[in-house]
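Presented sequentially are two complexes of chain A, the first with chain B as partner and the second with chain C.
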Partner chain A sequence: MYLPPGIKNLSQKEFALKLSSVVFTAALLVIAGCEGAPSGEDANEAVIYAVMPSKIQGFDPGYTSGIYSAQVASEIFECLYQYHYLKRPYKLIPQLAEGMPEVSRDNLTYTIRIKKGIYFADDKCFADGKGRELKASDFVFAWKRIANIKYLSPNWWIFEHKILGLDEFREYTKSCKGQFDVDYSLGIEGLETPDDYTIVIRLKKPWPQIMYLLAFPPTAPIAKEAVDYYGKDIIRHPVGTGPFKLNVWNRGSYIELVKNPNFREEYYPSEGEEGDRENGFLADAGKRLPLVDKISWLIIEEEQPMWLQFLRGKLDASAIPKDSFGNAISPSRELTSDMKERNIRLVKIHDPDTYFIGFNMEDPVLGNNKPLRQAISCGYNRAGETELFWNNAWDVAYGFIPPMFEAYNPKIKEIGQRYDPEKANQLLKQAEKIYGGKLPKLRLTIGATDTQSRQLGQYNKRCLEEIGLEIELEFMDWPIFMEKLNTKSCQIFSVGWMADYPDTETFLQVFYSKNASPGPNHYNYSSKKFDEIYEKAVVMPNSPERTELYRQAEQTVLEDCPAVCALHRVRYILCHDWLGNYKGHVFPYGVWKYRKVDVTKRAAYKELLKKG
Partner chain B sequence: MIIYIIRRLLYTIPIVFGVLLLTFVLFTLVGGDISIEIAGKGASAATINEIRQEYGLNKPLFLSWDSQFVNHFKSALTFDFGRARDREPVIDKIKRGAGPSLALMVPIFVGTIIISVSLALIIAFLRGTVWDSLTVIICVAGMSIPYLSFILFGQYFLAYKWGLSPVFFSPDLSMAQYTALPILIGIVTGLGGEVRFYRTVMLDEMRSDYVRTAFAKGLSTRRVLFKHVLKNAMIPIITRVVLAIPFLFLGSLLLERFFGIPGLGYLMIEAIGSRDYFVINAMTYISAILFVIFNVITDICYAWVDPRVSFD
Partner chain C sequence: MIERKIKKGRSLWQDGLRRLWRRKLVMVCFAVIVLYFLLTGFIYSAELFGWKVGPTQWQESVGKSYEPPGRENIFGTDIFGQSVLRKMLYGTKTSITVALCASLISLLIGVPLGAIAGYFRGFVDEIIVWVYSTLSSIPYILLILAFAVVLHDKSLFGHKLTGITTVYLAIGLTSWVGICRLIRGEVMKHKEREYVLAAKSYGCSNSRIIFKHLLPNVFHLVIIDFSLRFVSFIHAEVILSFLGLGEAERPSWGAMINDARIELSRGVWWQMAAATIAIFLISLALNIFGDALRDSLDPKLRVQ
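After this line comes the complex of A and B, so read on.
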């Protein structure tokens, strides 16, 4: 190689090395100066640092539909009823209502009185900037707003075909030019306010689940002044009556709520379930809520930074990433010694959900071939899925009613669906007879394209191929998947269903023939027997008879097998010891007001980290 | 020169039209109907239809003055991108994300150029020595390691284990504090490819006759390198550097996501995931415009650094 003169000049080489080392040293020094720099944190302020695993849509409870948006909104807005924080099974208690409703003998009229002296948070939308008193008409306005078709609320399913006159009001809004041109003063037969503190709801037919939906954040009252003042921007200007109000919303980064000084007197419960006193959940009984000054949610969508933030004490609670599960939880499902040394607590939450492998019953191959569907159910190794994908933490599903529900059948393990490859082979022979030859290749559709979903799809495929079926996989984004479900274009598909309220009806509706696609019955399952049971049970108040009907309905579905019940999710949440009163709640609306932090313990943990 | 610039700017019209047509076809014809998803569970056909009306999805696709494509074209030309699916004006989202993205990407960009060009000069100067070989090996290794590994490694060791930096964004931190580590990672990950590229460019120049002449005339090494070699290597440097500037606007998806920086990379990927067509349209359009503008700037710079290039 040609070398020009001067290349052996050592002083140049030294200069070169010095230049590079100076640049890298400077970069490291800048980095090193970062962690120790002073911050604006007030050590004595009671702040909860929580994580939000996804961005939220906003703070308008009528317009938003995601679970995370609803959780945050429920700290700012309140409903007529709420779930008792400690008691299990989940029990409704009044929140903005004075007491439980007066229900007419025919179960068609609900009269609810609301508490007096409840004020909205101060906001410039009100005439003098001071929050005004809550009135019954604020509820009616909020519900009519959801009915307004121009408002495009995804929550209309709550009220559709339920309240006298509300569907007609929705029809009227179709003729309005825009969402703000609707006349909300129009009277509705089924929603009346005889005075400022009374709401009368008249139903088209008995609807016992109404009570749960009156505890569901989208039904929270809204001040019309706020809607008029902020227009479409109300999604980022929440004005509620709840314990907190919005301080900062940095979309994509964090949400900060601060105590609402107008919040009424509400106290920590003095009763709970067995074991709550021993576990310290009643130590704050009778204390005024909320117990903290501020809640700060960091939006962290990746698992590694969430986990590292938690371990560094920057988050008070966290889920366990799949790859770190073994570091936190021992094979005996206990905390590892490392976690115990850090005084970390484990909270297990059994979610009210079921994951299915569904069949399109209108598909010519599957719909007329019950042995084929049953063979797939028997051929699916559910325990293998939880072991391979969910660290053995999730529960195997034998039926679609999750264990936390009253209607959960204690004998379901004996009579429900289960993995039985031998039986699957026998059933497959019957299926081939019905089909009249070798079964064609079946198509399994997955509504996600991430790595784990693809791996899970491969696992599903393998299970079914092991019993002799040929499976073709297809992966697509969720919206396209939904479109395919709604147009009945899938053959076999993977879906989950999570309860919105603790009534088994929420699961039964997904098998009701009148809810076929584009409704939630994506299986397009139609059974006269099931429909009769459903129609009878759905209007009944809670009773042993209704529970029995729910179980019969489940058994009918399991026998017909429009879906394979696969798993019920179990979440493992870790909490630092300074986060008090953290009790798992599967309907986590308005729960942060009960939680507290011990800033001394948090500081001690930071010292522990410094010592290594 | 002015005529040249005007001519180049006129070329942008078919390019921008093509971009708009492509985004429209991809997200309207191929992507499917978003109204069912917006409508929520169990929505009736009337609700879905209302949503289609609100978003103009019930209009004809092309053959009308009020077609979806014409409206898509109009909104792009007037920079009125409407509201995103969460009802926030799209332009507000872009304005908010641009700051954090640029705060992250500009230091990475500048740092990478300064370090890589300097290192390339030095390495080209030391070619054939053990330092040259070592640098090439490190560069190839750096290029072979996935970007995500640098992030996971840097976040785990520098931030978590050694506590040199915050692990993630926090409201009580200054921008300098929470962007320092991602900037360092961004620079380090970019160095492998950049240093190799600039080293090749510099080596080509170092072998030229004029370099030998300069050394023969007795010019100092520094003068030869910075006055002659660097100036003659400017054409490929400018091409690479100026054309990279528009992409700074798009931010860095992985760095933003792992360090909680609410920039435009994050915004774009989220918009694609949720099929927020309004955001995708705006981001694609702005990126295309920036790319075309910087392409013209690149051409002008050629003439500025190399007198042999003319606009005729």
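After this line comes the complex of A and C, so read on.
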């Protein structure tokens, strides 16, 4: 999914600007509200206090589009599969499924058996208020619901052109009056349930990435009773099978989840990656999940209050605001002694994302001028950006495949894009020859208007002016920016892309010519060579050959340079020592059930603070 | 025969200026104002002729990122190592341009409308009063924000509106209400005066009466209002830039304060200080000068 520059700090989403005084007051209210909000603290109750850096849209998995909404939904709902909490590289294990799917020889039919004896949480939408057993048809219903065009799900891209008959079902829903007039009992060739515990999925063409999407919160099963009972209000009445239930939702300030007593028996994993035992991540092996009674998310949009709450022990984990970075992290990238004295732990998360400076390949100046695009790539000082803006914490990108992916090229530093002002000058001379004269002023568009984005825009501009280009800056809000991208009316733009699943395909699709705007390929890049490799690789199951193809595809893009790969984000998260089993996870769906708190340690910390 | 020298009377303006001249503080303030205007003019001509001097070279790095104020850089440097002093000086141009253009726009709309409403009364008056009552019932800042958002990146007569143009159009188009109301009331008062009645009985046309007779007699109000409103326009520009709706590419005081907001927590106070000093000086000078101008021009307040 695309990342607005505003979420560059993601979990420390910075100053949301605009009517900033209003926002600021709101933030103050949040802090004031927090004091009383978490309902009566019971000393024996294990409660995690986490932070949510943005308001969320609701708890309907099919309707969620933001990372944060998906995260919260994933604690209440479950999918067929989930990522192993400890193992790296990320590995899928069954969640609601009995085992891994049986795949037919032609890779087109997936037969998945689901676990028996799984019950939805108790809710008044069911006949007697008791949660009923999960059936295979609940999955089919949820997926058809996403296909329902009147439901306006932002997640249709998951299934588009993939499952036999589902696109036709979407066509049919166009003729329905409203989202609740759709007849979900219509059979679909590609989604069948021979019995209550079996799903058979038939695909139009091989789609190995389906496994990752079956672990993606929007594909979670939904009880039709709940949708019928609550109607549009379902966004605030989630009924799932997961370890937690929604207790309180105060849109602007507070989300509280409590343990779901109906949750099936699931246990903490007893295997992890190397070093997990030493780090204590296996101490709870075999314990029944979830490990806490309650999760309480405080919604704090400003990073400074978030940080202060963390230091006061009111939040268990927090990102570090840019301007407090020096207080928490020493120049050697370790915790400062002040933080160590407080028994705070540092967790670094290398996110699977890349920030680009993209070019519109349909622009007459840039599209036909490869040396110009390469010159801009050589002229952009990536290390300077991380130093000035990200406390030197982010990784310089040489290609667009982040290091955690299998297809990451170990030789990318030598063959990828790199800052080289001398080469930029040479290339620029070639570029002028191609253009036939002095290059015109180029326009750089940024999809945010806050301070940091403005400074970042100015930094981009300065870098490119240093190699002798003239740049005009343009700032606009994210929705307007997206619309401009979709209508191909930007020239140069700054944009980030974050992987939705650990398959390099998620990065390659943004360069595929058939995905040109309004699809995700906003560069409108079109290369026969790339398309051929992509089409071949995308239907292949994971293998060394596929990895090789992925690398070739990346190399093709880097050579043509429809975008400058700038940085990969690295998040620094601090957590107090009473928050146990906190291991960084880049697909953080359903992870809070593994985490625990030590209430006595928290109380001791607060005592210590009181004494000063 | 004794020639009696008749002492020639002083006009309102001469009298007013004489009074102003006597007050030294007011003259200092006037000098400050002139200085800001001269600086603006200087920056405009420097940009026009491509002189490479101080403020127009604000983009140049003069040191490391966030250098504190010192001998080399009086106000330190910002994130890119640019001189904050230069940015502050350059911000003068942004602010004065916006305030001046916005004032002119609001006067050009407000004064004629007020005069017409006050002179003709009746139906015309009702329409104009309705329009400005509606405008003034919307909170000022919200209205400016709405205009700024609507005008942002639109074209006007084939000319693309950029940051600063949007800002003064937005301010000018929303803030003519005050002056319009003032002129309307004053014209209503003057309408029944002898000189107007005389002009009428001579058969002067309405437009001649309004523009030749009435307006010159109420124009001192315009000047006073202008000088006091100027300050609020400078503030409005700062607020809009602070909210990210103003000048994005070139320095402005509002943008500097906006930058400083996140820098303050790491102890970088100099950008905030520089912008604040610049705003403070011009606001103070304009306020004192405006008040003095009213004291000396308003006949009712003229006590020796």
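Here is the rule we go by: the second predicted complex is superposed on the first by the 573 of 612 C-alpha atoms of A that agree within 3 Å, B and C clash if a C-alpha of one lies under 4 Å from a C-alpha of the other, contacts with A are read in each partner's own complex, and residues count from 1 in each chain.
Operating definition for what follows: a contact is a pair of C-beta atoms (placed from the backbone, for glycine too) under 8 Å apart; a residue touches a chain by one contact, two chains touch by 3 or more.
Everything numeric in this text was worked out from a predicted model, so none of it was measured.
Shared-chain residue A:Arg462: touches chain C; no touch with chain B. When the shared chain is aligned, chain B comes close enough to touch A:Asn515, but chain C does not. In the superposed model, A:Gln304 makes contact with both chain B and chain C.
Once the two complexes are overlaid on the shared chain, A:Gln426 sits clear of chain B and of chain C alike. Judged by the touch definition given at the top, the superposed model places A:Gln57 against chain B, while chain C stays out of reach. In the superposed pair of complexes, A:Asp323 makes contact with chain C only, with no contact to chain B. Using the contact criterion defined above for the overlaid structures, shared-chain residue A:Phe475 touches chain C, although it does not reach chain B.
Contact with neither chain B nor chain C is seen for A:Ser489 once the two complexes are overlaid on the shared chain. Shared contact residues of chain A, touching chain B in one structure and chain C in the other: 19-20, 304.
Residue ranges of chain C in contact with chain A, taken from their complex: 59, 65, 79-80, 145, 152-153, 242-245, 248-249, 255, 258-259, 261-263, 265-266. On the side of chain A, the complex with chain C involves touching residues 14-15, 17-20, 304, 321-324, 326, 388, 449-452, 454-455, 457-459, 462, 465, 472-476. For chain B in complex with chain A, the residues that touch the partner chain are 31-34, 36-48, 50-51, 54, 83, 86-88, 93, 96-97, 111, 114-115, 118-119, 122, 125-128, 131, 152, 155-156, 158-160, 163-174, 176-178, 180-181, 184, 187, 206-207, 211-212, 215-216, 221-222, 224, 257-262, 266-267, 270, 273-275. Across the complex, chain A meets chain B through its residues 1-7, 9, 12-13, 16, 19-20, 23, 27-28, 30-32, 34-35, 37, 39-41, 55, 57-58, 63, 65, 149-150, 152-157, 160, 174, 232-233, 235-236, 248, 250-254, 256, 296, 298-302, 304-305, 308-309, 311-312, 314, 477-480, 482-483, 486, 515, 518-520, 609.
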